[in-house]
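Next come two complexes, and both contain subunit A; in the first it sits with subunit B, in the second with subunit C.
Right after this comes the complex of A and B.
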């Protein structure tokens, strides 16, 4: 039993260790980052990425993959920036409908046994088109309350850190502790036995997709709160960042093995990797490649560790 | 009307029929399981044991017939009404979620465990049940199922199904529950079954270990070809009479015209006896070797290891001297988007090519040749493979293997669900090819096919338990060896 526990802790240790290593490297390069202001700047943009990563994680937990998160978060950001300040009712209605559309997508994927990659890839063009229709040119404004929340000056610990911890804890409660979370991960682990126990896999999948949609909407809102305006292409990188964050955080593509705490740490690590490379004065053109390299190193480490255990 | 005072049966099936394509899996089955009885269910491959289990647990809706749980006609059908009727099922293949903890798996199987603090209650319940059934077990119930050994997973699954949350189970179906348990654990389980039945519960027990069936059941049902052939209290059976009851009603026509394989033909395969086997594995040139026994007892693994021993993953030599005919056509046999001809010629493209390009003339000739030899029923070999019936697709797969110069052909129960006419065609081809000096290793779940072989190895629990030659190859002998517990 002890061996199993250590495997589990290993899984969470790798992302935590990589985060600490990166953080130390950043502080060493730029000691001024080791302050309230510095930390806030470093991790500010991690909040929407962490939310998007949780959204992706819920989909991965049911053995699917969502390639539309980037455009969907952009769409949610556009709706937030255009409607929420002036016409909040319409805005909330659109966002609620979008979450409903996510649930419907889950239903269709399950009923027709379609590959989620294809369906979500198709939907990504739909969300992208809708975002352009709502906001043809970059613009819009953040609702005052949202701006106030995202730039809140919390005592001692910067808001970005507190927000990340809250996101991780809430996601942990839903996905790891609640019955609903057990059902979601059960579908990922062995959908047939979940169905044999009398559950509706269809309902579970629809709810999982809806939950994912909700977290994506929150990601879009958080992003607008930080940037104060939106653009139809604002969050395109999130699709791959969110997948990378889940995997980095100890999740696996199949089998319902996910970790919300790990996913948030993974999102923080990826954000920090970007800043780290900027401090090294590496051109942003190389950053995506460098983030990929970080991912490959971490995955390689994990493979080595799991080999040793076997 | 005179109302019976007996309690209604826990499950009552009447005239249940299920057909998969041309194969009748259940052909009018009547079955009652009464409270307080342990019903043993035995039968050979394809007798319909798994199908009736799936009908009772609601996983399969019968095409005809009625089902009632506790005297209540099941109208809606499905898993829901079976569970409402108190039916629980421990499946042959393990069906827990390996990524979840034992407690979480318990929660998934028991919808009554709701509300705040369900983890604590589930932990207490599962620990207690596991301790009741398997005293002295060393399973940490807070652990993840994926970290457990196969035997421990089986124990957990059994305990979860015997557990009482809101109401006690009325019928627990155990499908080969001891397949991964050692003798001591199996005895603990059987003792628990006897206690459970003594307290008024019912158990449907399927096992290939006749000793368990005879010592634990109160009544035994023998199935054959989708029908219930005998139902008697356990006292009416001995291990011998049970094996006889599973055999054919019509005595087989004797071993089909025993072919004389020259005893001095060179051996092409010779493996030493593996752990637990009574003899090694050998095959001579031109022999047809049968692998018999209940499904899933190591036959396919034997074929795969034979294949791997003779071919390389890294740089396969062409042409290979061993060919494999897959059993599951759609999974690892056909290329569904390709034509019949392409599906055939892929077996040995090297022989059809000159200078890295396929010679279409030679490919066509090969196609026409094998179309005639195996009587593939199609107007045009360029039609898609899926335009053929299952049997004819199987012929194409045979032709693919036989069109290569491979000296050994391995067959993984390839004739499942094939009509009788096609089977006869293929049997004739196999005999002709064997005469010509090819060696066949044939895993089959069908007794007539086993009887076509020159020599038969019977498998049980992953080991060879009997070798039958010539006249010894008969259903009685195969059955007796497949089911342990026969007084040897």
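Right after this comes the complex of A and C.
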């Protein structure tokens, strides 16, 4: 820790280095990507993934794991596409209730000492069912303002990048700088000492789950803004993507050790890995496999770098 | 020997109660006429969940963070390659099973290599591996649906004295795993590692070797399940493993195994597998739409877990 970089900086360095390496590789393969338009195309889908990754990160910070994020984001997207353009009040009410349900989920998990994996697994059926009820067939429309926001032509730097930076900073302020954030990570680190210090672990967990629900709702809305329609299965892969993003970004499953900046960078890396592979012209058969290989290589890199640190 | 202790204190009793209740609710709705057909279908489909659930149970017993997400991809790959190898040739049935087992061995070893050598958390390691395995399956499948050998198809869909052969196969595997878990030193070791990896290492338990064997066993069980499932359903499909990801984890937890590891049981896997299939068929019988059916499935699962749980102050 004394010489060179601190462990905390290292934690952030590795995801950033992986992102830069991937970005250079993409530019090398396809120089035309090095433009406003190209960058926008590369990172457009990163915004909802980044939001979902932050949602997952908040849950991981309290030592839990949310296996329902994919279906919940899909559900939020369905509500957004069906209600927000025509009946915004009902839409907002449903989304607010859903966030309340997330808080309730946190309460039940804590009070009954239940494994979060299973409760969220059960809830993934519930969200999936609700999404099918709301939107039985793919469809819906994006609210005009949301579409305008997500496709905004910002000067010089593409919107997707600005949005990712804003998401990272907001999450950083909440999770790393605010008292609430310290409490959340404290529960992950040592719930007992947080309780001894006079905090209510129950309240903290409920609020952490609510915060996660809020980010997932935003992810669903952002996704609809990009795709202009929704269906009940639109974001199923987000569950695994969000977990991978948090870990790529230097987070750990236990101990409240998470990094919001890293998580967003991890989400960007995963998004970029997809584009990188399509530029490589890998046969579609091997697309998923190559994505797995990229994950393994990046994590292997992390091992090499952290060994040097030790 | 179980009868000596009060049955109600067994962690697996809840899953069996839930399964019995759901069975009654379904059979009563149809006036009891469907009871036999329902039991046969339930036993068959539950047995597939049991096979993957047993492997997942062993992995989860190893303690927090241990889970195998490559189960669905392994099912698909072994089903695809085994059927391709057999080419509907009945003489190749046993070599085909061997091919499936070798695939399981390979995936399990690769999984543990990532976990141990690259020190990747098991969730991410098995997830990345499942991407690779799935790609391999897509590449080798090429959209062709090869039929299983005639004799194997007859065996997997047949019954003995009214009991489906698949259920008997699941029962046989359950006895093997039960013996490993409850009677062998290996079972002591995985439980010890799940309770405290540090203490286990201090006690001289070969922690790495035991974890290695566990991940390999889980992959082999998934591969056997894939082999039988592909033969049962008349061919391998690329999405045949998908539902077994959630299923394998859910049956372990509903079956009363400790999610934090260190304490597992085999009967609960059966109870939970029966229950999971019965819930779906009950909601089908009642004629609900897809949305309501999914929602109720989720709520019922959560209700069972809440009922089986203890409040916070019961924690040690």
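Here is the rule we use: the second predicted complex is superposed on the first by the 294 of 310 C-alpha atoms of A that agree within 3 Å, B and C clash if a C-alpha of one lies under 4 Å from a C-alpha of the other, contacts with A are read in each partner's own complex, and residues count from 1 in each chain.
Keep in mind that, in the parts below, a residue touches a chain if its C-beta (ideal position, glycine included) is under 8 Å from a C-beta of that chain, and two chains touch if they have at least 3 such contacts.
These figures come from a predicted structure and were not determined experimentally.
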item	value
Which of subunit B and subunit C A:88 touches, first, second, both or neither	neither
Which superposed partner A:194 touches (first subunit B, second subunit C, both, neither)	first
Partner chain in contact with A:139 - subunit B first, subunit C second, else both or neither	neither
Touched partner set for A:296, first subunit B, second subunit C, both or neither	second
Contacts of A:255 with subunit B and subunit C, given as first, second, both or neither	first
Touching partner for A:179 - first (subunit B), second (subunit C), both, neither	first
First (subunit B), second (subunit C), both or neither touched by A:240	second
Partner contacting more residues of subunit A (subunit B vs subunit C)	C
Residues on subunit A lying within both footprints (that of subunit B and that of subunit C)	none
Of all residues in subunit A, those that touch subunit B in their complex	1, 3-4, 7-8, 179, 182-183, 185-186, 188-190, 192-199, 255-257
Complex interface listing, subunit C residues touching subunit A	64-65, 67, 69, 114, 118-121, 123-125, 127-132, 134-136, 138-139, 246, 249-250, 253-254, 259-260, 289-299, 301-302, 305-306, 309-312, 314-315
Subunit C contact footprint on subunit A (complex, rising order)	67, 108, 110-115, 117-119, 121-133, 136, 240, 243-244, 247, 252-254, 283, 285-293, 295-296, 299-300, 303
Contacting residues of subunit B [partner subunit A, same complex]	57, 59, 79-80, 83, 89, 91, 95-100, 104-105, 107-109, 111, 114, 118, 140, 143-144, 146-147
